[in-house]
Structure formats: structure tokens, C-alpha cells
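Two complexes are shown next, each including chain A; its partner changes from chain B in the first to chain C in the second.
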Partner chain A sequence: MSGFMGHEPNGRPGWPKTAREWLFTVDHKVIGVWYLIGSLASFAVAGLAATLMRIELGSVGPDITSDGNIYNLWLTMHGAVMILGFQIPALLGFVANYAVPIMVGAKDMAFPRVNAFSVWLLWSGILIALANLVIPDHFNGMWTGYPPYSTSDAAGNTALYTMVVVVLGMSSVFGAVNLACTVAFMRCKGMGWFQMPLTVWTVFTANIIQLIFVPVLAASVILLSLDKYLGFGFYNPETGGDVLLYQNLFWFYSHPAVYVILLPFMGIMFEIFSVSAKNMVFSYKSAVYAILAFIPAGGDVWVHHAFVAGLPDWLRVLMSFTTLLISLPFGLLMLSLVGTLYKGAIRYSGPMMWALGAWMILIFGALTGIPNALSAIDYGISDSYVIMSHFHYVMAVSGSMATFAGIFYWFPKLTGRICNETMTKLSAIGFFIGMNTVMGPLYFAGIAGMPRRYMDYQQFADNAVIVGAQHWSTIGLYITFLSVLLMVVTWIHGMLKGEKSSQNPWGSQSLEWTSTALIAGQGNFPTPVEVAEDWHPYRYIDNPKPTFQPAPASAGH
Partner chain B sequence: MSEDIKHYTAHWHTSPFPMMVGFGSGLFLPWAFMLQFNYEQGTAALVCLAIGTALTVAGGLGWAGETIGVIKDENWSPSAMFMFIGTEIMTIAAVLVTYWVARLGAPVWPPVGTPEISATEPLLATIILLVSSITIGIARKRQLDGNASGFAMMVLLSVAIWAVFMVMTISNWNHLSGEGFTIGINAAATALYAFTGIHFAHIVIGILVMLTCVPSALKGRTSFSYTRAMTMYVHFVNVLGLYVLFQVYYW
Partner chain C sequence: MKIKSLSYKVLGTLLALPLIPTLVYAFEMDTAVRKNYNGLTPQAHWDEVWHEVMLDLIVIGVIYFAVALFFMIRYKRTGHDQVGKSPKLTGQAMIGWVVIPCMLFLGDDLFLYVKAFDLHNQMRNVPAHAQTIKVTASMWNWNYDYGNGVDTDMELRVPVGKPVIFRMTSDDVVHSHYVDGYHVTEDVMPGRVTWEWIMPVKLGESVITCREYCGANHSKMYGKLIVMKQADYDAWMTEALADAKAESAHRVASAAIGKVTASKINEGQEG
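== the complex of A and B ==
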């Protein structure tokens, strides 16, 4: 490595050394690591809640609890923490902060202090959410928080639910504004919009979706607390309010939230597919337009969550159509992913195995989503295990696999070392088999009539399909648990004993691998980086090398 | 490697203030709300409120002190504020949807039995509020003229105008509740208190935002970018006040 790329006086890269530099940091990479730690801690808590639920459902009758209130706590914590604490912060926090600024050749985010403020808001939200485990009146109204239950005393501390959503929402909004400004104004000299890596495009678009839709969710949950504690009547029919209105407001954000998660993890898949196949992303511009199409297409599908709520026929037909419409940009992205692999000399590295697993799971999940969009079919399967399995495949399992693929992919930049290849691949295969065993059988249980959110299924004790599916699903949990354990061991082993990584272990053309130190220091680039007009992050043949301007970068804070 | 580059890359930039504002506003203030309304622990709520407010205000002032007029003015703040105002509009639109659903679903509006309310006091308050758009405009002009202390004085005048508006709003709420027009009696009352309350919250935040740039200005340091963003927010809150007035009192 040349001294030019080193970011410390001795020419070597490195992380901050003191507690002050870590805690009071305004650097996007260190903040990205804080997001990563927060999101992985959330994954552990939410995963533990899922584990407890699955063990409870392993057989008919009580296994580890007979208290429905406790089961509802696990259910609430699993959904809320997994989505709001793990997935969104991992993708729009860690990936957006750690990778995006370097990928566009920026010295930091546009507003470094706002960035630090966002991450501490996230940690505040996580701490409030964790308090739900210890307070006597824990909130148990699921991550959806539907009234009238959530405004009743039986739901527990509704204010906690409101505050978690609002604080995490504020974190998201400030983060989204910052990211949008970074991408819009801080791209390095020469980098046009169509020279941005697709991870940047997907994160940028996901943040635009956040900016438009998060405020609606925040407003809807604030109104819940106003109703419950201050006597307002937004969702109270007795004073002229409307209970169903909450469902509409909630899903107006929460369905686009699926794309907030889906887009960035597909962006990670694009990075890994392209670099593993050493192929230009197939139909790059179409992929960009498809990504952008998620903004309008994702904003008019929320009503399908209320198909069984007594809507007029014309609205259900219209919303079936708009829901199916989302298949078009999604299909284009999947086509682009397949095309990127076509005739490529594919290197099946550890991250690639995780990304391939995510891709296959995504196909299963997406195909089972098409019938759900049809209101006639949805009438039969609404609130059943079919729906639960579908969204777990699309969002939870595929999203998690792609997120972990991203962590393995950027692991050398985080630690300077590379994870053991065999252990990485084994953990990916284990997770793939485990989660398919957890969720696959539950489709059949759903078709056989198993409803969501039940802590027991005594009434289906004679139904061999449901009992068998629950049994196999619990076995799948143990496989998944072992694979996650192996993944964590692989990370720890990689950090402590892993082979030292070269500057660009995957052979990427993107700036974070080619134009800065392996572990970049403050400011990323000692002098501003510049790319040529025909440079492209996915061009592997005759790609002009980035150059550097002679003057040092400005202060950047 | 040149000395400049060595100096630049050797130090990790740090600031304690974002963490103070983050935990103050994101952790302590929410707990103050929960302790007050969910657990009815008034004293504990007050302690949390005090800690949260102190952290937020001190952090905000410290943040402003080490950035306004100190770091390079990149002029991205107005774009960020434009986006932020967009999110504000979406938040208010969500509440507006609940209002219109209730209103269009009601056989008569306002519902039968709603006490008559007077719009005189809110009208007067809103007129006073709108004056702050002029004073903040003068503040910006003074900043462009290089008159930092004059800028600070006009910002403080704008804050004072908003404080008067806040007092008048609270007074109006007291009158309304005294006449039996309380929050939960029907959807019309819910809407009035919700919209005026949302606007009131914006006023509180706006005052904090305006105050953050005063200490720096009194030391002769201002930021063109920050001032432009701040004035955008002030005008937005004023327009919102005008809209709320027409929506809940005249329409």
C-alpha cells in the first residue's frame, strides 16, 4: 500500500484509538460501526424472542409458558425490534453510513454532527424498546399497535410504543436528509448519477421513501398516545373518530418500509454479484429506473393489508392491480441480477454464498407474494401462516442473508482481516437450510388453516399438516441458531485470527476498495478523489483508474 | 506526505454535543412523557424533563458554537431544510387526513352540542405571529450586510414575538376549556387542540433553533447557510399557523 493512501502520519490506516474518539465521533465510518453494533444487538434480542416463540410452538400445549401476555411480549419485541432495530438500522444505518460516502468519493456525510445525532437517537430508541422487557406493564400490542386494543389498558405502556417509533423515526428522517444531501452534493469530481454504485442508488431511494412515509407513521402513533393519555378521539368512534383509519396510516408507511429494507439489500446483492462474476451489472440504467420506480409504486399498495376490513369491491380490485404493479420494477431488478451472473466467471466466495442464498430465498418469497396481492385469494389466507411465511421469506430471511453478506463483504474494510472462507460458507448454507426449514413448512400450515399470532394450536391437534409443520419449523430453528452461532464465531475468529486482507480482496472497481486505505481514516481521502468520464464501478475491463487532486481535502467537519 | 495532509488525517474529529442532544431529546424527554402520563410519577417526570431539556439546550448551543461561522459554509443546509419541511408537511397531512375523515363522516359539522367558540383571540395571535416573518427577514438582511449584532437583535425580537403567540395560545386554550370545549368532547375539539398543539410544538422547536445562533452572532460569527435554513423554518411555521387558523376556526 502506498503511503499516499494511508491516513495516519506514519502512513498506516486505522480506527480511532481512544474512548473519546469512539463515543464523540462525527466520522461516518465510526458512526456506521455504532449502527452495526446497535443493529446486531437488536438482532440478538429479536432473535431470542423468535426463538422463545418457536420453542413454545414446537408442540401442542404449553412448552415454556402458559401466559399469553408473555407470549405477546415476545411477539411484539420480535417484530418491532427486528424491523426497527435491526433491519432498517443495519441497512440505512450501517451500509448507508459506512459504505455510501466512500463509494461516492466523499470525505464524510454532508452533516457529520447530524449524523452522530441520528445514531444516538437510534440508541435512545433501542434503549427505550429494551425497557419493554423489564417494565411491569410492557406493551404487548404487536409491532402494528392497532387500536382499539392499543389504546386500552390491556395493551400496557402504549406511550413506550409511541416513543420507540417516534424516536427511531426521527433518527431515520435526519439520517435520510443527510444521506440525500451527501449523494446529491458530495459525489467526487467526475462521478455522474449513472456512475454511482447500485448500493448508493438503492440506499438513496430507500431514504427518499423514508422521508415521504416515515412522518405518516410517526403521526399515526402519536395520535394513539394522544387518544389514550390526553383523551383525544382520533380513533374513537364514540367521538367521531375512526379505528380503521389507523390501519391505513400505519400501512401507508409500513408497506413501503418493506422496500426501504428490500432495496438496500438488493443493492448489496448487486455489488457482490457483479464483483463475483466480474461482469458489468446487466442493464444498469434499467436497474436504476426500476429502483426509482419503487417510490411511486410502493406508495399505492398499502390498502392490500386491509382487504378483509370491509372495503368496497372497486377499491379492492384497484389495489390488487397496484399491488401487482410492484412486480414490474422488482422483476426488472431480479432480471438484472440474473443477467449480471450470465456468462460470468463466478467466484463462489463467502459473501457470494450468503448473497446467493438471499437471492434464492427472495425468489421463493416473491413468487408467493403474487397470489397474496389478489384480494379473492387474500380473503382465504389473510392473517394465516401463509402471509407470515411470505413476508419472512421476502423481508426477514432474504434481508438478513443479504445484510450478513454485506457484513462479510465489507469485513476486510472494517477489520483489515478476512473471515475464514469455509466457516463463512458453512454458516451461509446452515442459515439457508435452517430458515427454509423454519418457514417453508409454515406455508402448508397456513394453507391448512393455521392463523398467525396464536401461542397454541390445541384446536388443530388432530391436523397432521399443522402439527408436523410446527415440529419441523422448530427443528429448523435449531439449525438456524447453530448457523448464527457459527457466523458470530466466524466474525470473532476473523477479527482476531483472520488472514490479513489485501487492499482489494474481491477485485472490486468501486472507490471504497480502489482509492482509499483498507481501513480508511478521518476524511477517507487525503486529497479529493476524481474519476474519469468513462469510469464505472462495474467495469472490469479497461476501467480508467481514479486520480487524486493535489490539494488536501477541507476540514470536513 | 505533506504536513497539511499529515495534520488533517491524524486527528479524528469529535464533538460531545450531538450525543447530548440525541440522548436528551431521544431518551430523557420520552421518559418524562411516559412517567407523567403512563405512570403518573410527576416528580420523576419533572426530573427527566429537566435533564432532557438541559442536555438538549446545552448540546444545541454547544453544537451551534462550534459550527456556526467556524467551519466552511457549504450551503447545503437550505436543501436539507427543504426536505425536512417536506417531512413536516407529510406529518401534518396524516393528521389532516384523520380530521377530514371525521368531518366528512359526520352528519353535521361541528357536531351537535359543540359550544360556540370565538376566533378573535387566535386571529389576533396569528397576525402577531406573522410579524415575525418580517423581523426574521430583516435579521437575514442585517446578516448579509455584515451586521452580526443587529442580526442577533432581530432574531431575539422574532423569538419574543413567538413567545407572545405562545402565551396567547395557552390563554385561548384556557378560555375554550372554561367554556366546556375540552379535548375529548367530539372530533371538532380533538382537531382544534391537535392542530393548534402541533403548531405550538413547532413554535417551541423553532424558538430553540433561533436561539442557537444568537450566542455566535453576538461574538460576530454567523452562517449564511444556517440562517437561510432557519428563516425557511420560521416562514414555514408562520404559514402553518395561518393554515391552522383558517382550518379550525373559519373553514
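== the complex of A and C ==
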């Protein structure tokens, strides 16, 4: 096959050299980098939208805009692009594509061409989403797109919203099938299910969740467009439809989507904690079962998004209980994380600082979730800054810190160089302090009654808690902004002038560091790799070395 | 073998421990006390449960943080080739490390759940003598219909000490009715009637806001609740009733004039 097809080993490490090879690649690593670029671009756009909103909210009254439609455009773009454009592609795109196949010792994904199709779909989806910034009738119905607002003319272009969700959803589903098959069938010889790194387990489970629930989301938004443009009326009470149908369908996917993001970023944290402490993950098997338990446990909690939406009382009380049950698998994962430090030999490297920040924020985020799960408490704090602060802690801040930890962790494999350690740590500390200053005060503003999705808070102008919290939150944003700039500078500096990395700078036992070139070439491993029965990615004492089969396996994959 | 199976039984008995406080709380209180909820108003009851939950979270968080911080300082890497020495878990230890933490989490969950369940019952059971206010939301207005021909926009007046139930629906999109200080939120949507109730015991004003995104002026959709003394309320209501009557009379009259004018125009066109 020609060079750019790139999944049969050719013995040459390093990235492809020509633009043609980069563009028409089917190599999972190059595709992973494309996912990374797409997700970071989305992070920039959505982050700028957040910056604008935060500046607007800094004081009572209009600061930089008095137009509700413009503000709501920022709000819609921030939510939709952060989740669909940044978090899911960074975790289920970059981490899944770049790291997972090497970690399981495969030469590529199970279906390389489908993989390329997924990333093309992702980029198409991002471009369609960005078009929302320039078209005259931009969609401003929020990333949740609740009807009847989203089916009214005031919401703008609903078809664009449907299109973005469906295109990105297709990308996710193709990616999920691909990755599940890769993990199930392409593991190297000798690697059992319980010898997989937890990053692989979490990404695998997240993709199973995607496969089960994404079609429901697609259905819910397609019905929106059918309602609006063809007058079907699934959500229109005047023709016998029901507006609550949408909320049920939407959250049936979108709550599990939180675990789609949570699990892979906890996987990255496990990887970095274990490597930094040079310690076996505490109670590895129970962590695996806890990860798998998120599939059933995450599937029956969606009603907590609709505790105040007029659903029957018995359902609220029931789902309040099933929601609390999430604390069992989640608690086990947190136990395994902290247990990994026990009797460890912890080295506080750059990625470890990011992972530690992510983990501390995750504790806040997880604990503040409990009041929201209790339906009676939720009557007082529903749709306020309490819930906004909670999910930013648990998913946005912790998620992005862990994602960036992962980028710093795999940076040597991407560029062959290491980022400056001091700059890495400074940016981590800055981001941690900054985001805590943004989101911490807002929790108290929420308790004081501040509702979310507001462009102004005139009615609370004499509420000192709310006004003060908004003010400090905006100051926190500037700190965050500077630390993100520092992080980008650190990456660029690392890429161009960073210290040359050794083969295994963190001392990992996982295959991507031990058994392939630092910048792996086509096919990852020159000849198929093989691990012993007692090999384990988190065993740092007497771990048998992976071996290589003498000749390449038969052609094809 | 015998010792092993005995140890499982001991372990199993220990598991039930965290459930005891919950069960005691659930069954010990007699129905009469429970019906009265210790004489608390829903909002005071909410505050109590909220503080309980916060205390609970702080205790868990502090314990977890303290242990983690201890590990982080105690197990810092000192030598270059140092590796971690965590003990290998036996099968029984591994089961113990799953089951015991899970039961602790479950115990805590149930503890909070039972309290919240009680609160839920109070907040979702309306006293029989509650006054009904019909709420109609639209972009971007709250309309309060007192049921006697009087209705107000963006402002609701109620007498102190009388429970009020809102029966709410929407003319256009989904809104959400939140009364500050009473800890009640309920979505308002077309095609359904939802409800919430409050027990105003303090004179004064509180903010009413919309809590479900409803378009460009979502943040401007706010009004106020004014809790008045019964006498003041009655005086206001009498005046409002008179106004409403005069207005409806005016409306009937202007409608009649409108009809006449319209028929004249029609005649003129026909001519």
C-alpha cells in the first residue's frame, strides 16, 4: 500500500513528513493529533465566549453588551462547544485515538478508515457549529435546546443545532464502535482484560455508554427540527405532544454524557497518580468493576435534571435515590485514587500537579453534587448558580485540568520533548487558583438565590453576597485567562525549545512508553508485541518486560 | 474453614451498622410528630435539612482531604530509584475494601435521603385551607390571577400566615417560578398545570425570578412577592376589585363602541 495509508509497520519512527500524509492519513496517532487540534480550537472559542460572559457579569447593569440575543449566543456557544467540541473530542478523540491503541499493543484501530471518517465528521461538526457565529439567524436556544423555545422563531436556526448534534453524534458513534472493537479484539498477545491500563478501561466504558445513549440524543434533536419545519408536533401540546418528552429524551443521553467525560479523565488521573507514586493502583479490580458499574448506574438517573419540571412526585423520590447510588462506584474510584498514594514514592512532576489539581477540584465537585440529588433540596437550588458551580467543578474544571494533565503527560510522545517543569507547575497552580476564584464564590451566590443563564441581576442589586461573588468571579477569570495563556506558551516553548525527552521520562510500565519508539511510527510496534501473564501496567517491582514476536504477523489487520 | 466463614458473618453484621441511625430515624418518630414536622414551616425545614447536608459533606470532605494530605506529605519520593510499596490485597481484603466503603456510602446516602424524603413530603403536601393563585407565564411576564376577577402583573400580594398554592401554566415557552427565601422552584410550561406552595410568615418583599432559560429577556423576567398584614391586604383587595370592575365595564363599553365602529366601516365599504 502507499505510504500515507499508514498502519502497516514500516520500521521508521516519527511523524509523517508531507502535508498529503497528514491530511489523508488513516494512522490513529495522526488522527489523534487532529482530534487534539480540533478540541483545543474549540476550547479557545468556547473559552473566549466564557470570558465575554464573565466580563459582562462583573457588575450590575450592561458592561459590554445590553443585547440579550448576543449574550445568549455566547452562552449557547460556550456550553455546546465546550462539551461537544472540546471535552468529548479531547477525551474520546485524542486520548482514545492517540493513546489507547498503543496502550493495548495494537498496530492501529480496528477500522482505520472509519477512524479517519470520524475525525472528518468532527471537523465538519465544529465548522458547522462555528458558522453559528456568522449567520444572521444564529441559534441561541442554549446547548440544551428545550422546546417550545427552540422550536420558536426567537431561537434562530434550529436546523443548524440539529445538524451539529447529529454530525458530532455520528462521529462519536463511529468512534465508539471502532474503539470498542479495538479494545476487545486487538489487544496484544498475552494481555488479559485485567491487564489493561485504567485509561483503556475508562475510555472503553465511556464508548459503550456513547453507543447506548447517543442515538436517543440524535432522535430528540431530529424531532425538534421535524416539529419546527414540518409541523409534526411531537413536543407541541396543541397537537397532543408534550414538551417534557424532549427533556426526558435529552437527559436520558445527556446525564450519561457526564460520565462519558468523567470516566476518561479519571482514567488519566489514575495513570498519572500511579506513575508518579510508582505504585500499583489500589484495588485495581474493584476500580474496574466500579467503572463498569457506571453504565447501569448512570442510565437511570436522568430525572434529577427534571425534579422541578412537573414530573410525578413518586418519580422524583425514586430517582433521587437512584441518583444517590452513583456515589457507590464513584466513591470506590476515589478510594482507589487516594489508596494509590499509600506507601507510594510520589514525585511531583508537572503532569502530577495538574492531576492533583483536577483531583482536589473533583472532591469539591462530587460532594456538592449530593444536595442536588435530593429532590426536596433541589426545589430551593434548581437552576441556580449552585448547580452551575457544581457541574463546572466536577466536569468542566476538573475535566479540563485532567485533560491538560494528559496532554502534558503524553507531550513527550507527541513532540519528543518535555515541557518546562516550572512553567507547567505555575500554569497548573494559576489555573487551580483562578478557577476556584471563578466558581467558588458563585456557589454562595447560588445559595443566595442567583439563577443561572442570566445576563444581568438587577433584581439582586442590593444583595451583597451575589454582587460580591460576581465581582470576585470575574477577577478569578483574569487569573485563569493568564494561566491558560501561560500553558499555551509552555506548550509552544516545549515543542520548539523543550529539553529532549528520554524514552520513558515518567518511568511508566505501560506499553506506549516501554515498547515503542518515543515518537512511534506507522504500525506502532516494528513486530507484534507480547506480554507475560503476570505483566501489569501498574506493577513497578519485578514486572516482566514485554517481548516481541520475531516476524511481522500476516498482512492485513 | 470454620473461622473463615465465621469472619464473613462478623463482617456481614458490621455492614448493617451504618444503616441503624437511618432506620431509627425512619421508624421511631410517630406519625403525629411527623405530620406537624416539629412545627417548622417548609422554608425553615428546608434550611435545617440543608445545614444537615452541608455538615455531612464537610465532615466527609475534611476526613478525605486529611488522609490524602497525609499521604501526599508522608510518601514523597526521596531516592531516585525508589518505588511504591503498597501491600498486595488478598481476595478477602479486596472484597472488604469494596463492601465496607460501599455500605458506608450507602448508609450516609440513606441518612440524608430519609431527611430529604420527610422534607419532600412537607413541600409536596398542600394544607387544605391554602389560597389558590393562578399563575400564567409568558415571554416575559408573570401574571397572577387571584380568582375573583383581580389579576396583577409581575407583582403578587398575599396576606401573612396563610398558605398559598400557585397553579401555573405558560402561554409560550418553558419558564420556572422561583420565590426567593421560600426555596420553591417549579417549571411552568404550556400544556400542563404545575404547582408549588409557600407559607408566608414574614412581612416584607421577596424577589420572584424565572429560572428556566426563556430567551432574550430571561434575566429581566422578575417580579416581587409582597407579604402584607391581613387588614392591609383586605384594603388593597377591595380597591383592586373596584378597579377591576370599572375596567371590565370599560372594556365591555369599548368593545361595544368597537363593534359599532366596525359595522359602520363595513357599511361604508359595502356602500
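Convention: the second predicted complex is superposed on the first by the 540 of 557 C-alpha atoms of A that agree within 3 Å, B and C clash if a C-alpha of one lies under 4 Å from a C-alpha of the other, contacts with A are read in each partner's own complex, and residues count from 1 in each chain.
Here, a contact is a pair of C-beta atoms (placed from the backbone, for glycine too) under 8 Å apart; a residue touches a chain by one contact, two chains touch by 3 or more.
Just so it is clear, the structure is predicted and the values come from calculations on it, not from any experiment.
S.K.: One more residue to check, A:Ser384. First (chain B), second (chain C), both or neither?
M.R.: So A:Ser384 only meets chain C here.
S.K.: Looking at A:Leu127 after the superposition, I want to know if it touches chain B, chain C, both of them or none. Which is it: first, second, both, neither?
M.R.: It touches chain B, and chain C stays clear.
S.K.: Is A:Phe250 touching anything from chain B or chain C once the two structures are fitted on A? First, second, both or neither.
M.R.: neither
S.K.: Between chain B (first) and chain C (second), which, if any, makes contact with A:Asp242: first, second, both or neither?
M.R.: Touch partners of A:Asp242: chain B and chain C.
S.K.: Check whether A:Phe232 is in contact with chain B, with chain C, with both or with neither, and answer first, second, both or neither.
M.R.: first
S.K.: Touching A:Tyr457 in the superposition: chain B (first), chain C (second), both, neither?
M.R.: second
S.K.: In the overlay, answer first, second, both or neither for which of chain B and chain C A:Trp201 touches.
M.R.: Neither partner.
S.K.: On chain A, what residues does chain B touch that chain C touches as well?
M.R.: 241-242
S.K.: Quick one: in the complex, what on chain A touches chain C?
M.R.: The contact residues of chain A facing chain C are 67-69, 72, 140, 142, 144, 146-149, 152, 154-155, 237-238, 241-244, 277-280, 282-283, 285-286, 289, 306, 308-310, 313, 316-317, 320-321, 324-325, 327-328, 331-332, 334-335, 338-348, 356, 360, 363-364, 367-368, 370-371, 374-384, 449, 451-460, 540-541.
S.K.: Given the complex with chain B, which residues does chain A contribute to the contact?
M.R.: 3-4, 6-9, 11, 16, 20-21, 23-27, 30, 110-121, 123-125, 127-128, 137, 157-160, 163, 166-167, 170-171, 173, 176-178, 180-181, 184-185, 211-216, 218-220, 223, 225-226, 229-234, 239-242, 245, 249, 252, 521-523, 526-527, 552-557
S.K.: Once bound in the complex, which stretches of chain B touch chain A?
M.R.: Per the stated touch rule, the residues are 1-2, 4-6, 8-19, 21-23, 25-27, 30-31, 33-34, 37-38, 63, 67, 71-72, 74, 76-77, 79-80, 83-84, 86-88, 90-95, 97-98, 101-102, 105-106, 111, 182-188, 190, 193-194.
S.K.: Applying the document's contact rule, which stretches of chain C touch chain A when the two form their complex?
M.R.: Interface residues on the chain C side: 46, 49-50, 53-54, 56-57, 60-61, 64-65, 67-68, 71-72, 75-79, 82-89, 94, 97-98, 101-102, 105-106, 108-109, 112-113, 116-117, 119-120, 123-124, 139, 172-174, 176, 178, 180-181, 183-187, 189-192, 194, 196, 207, 209-220, 222.
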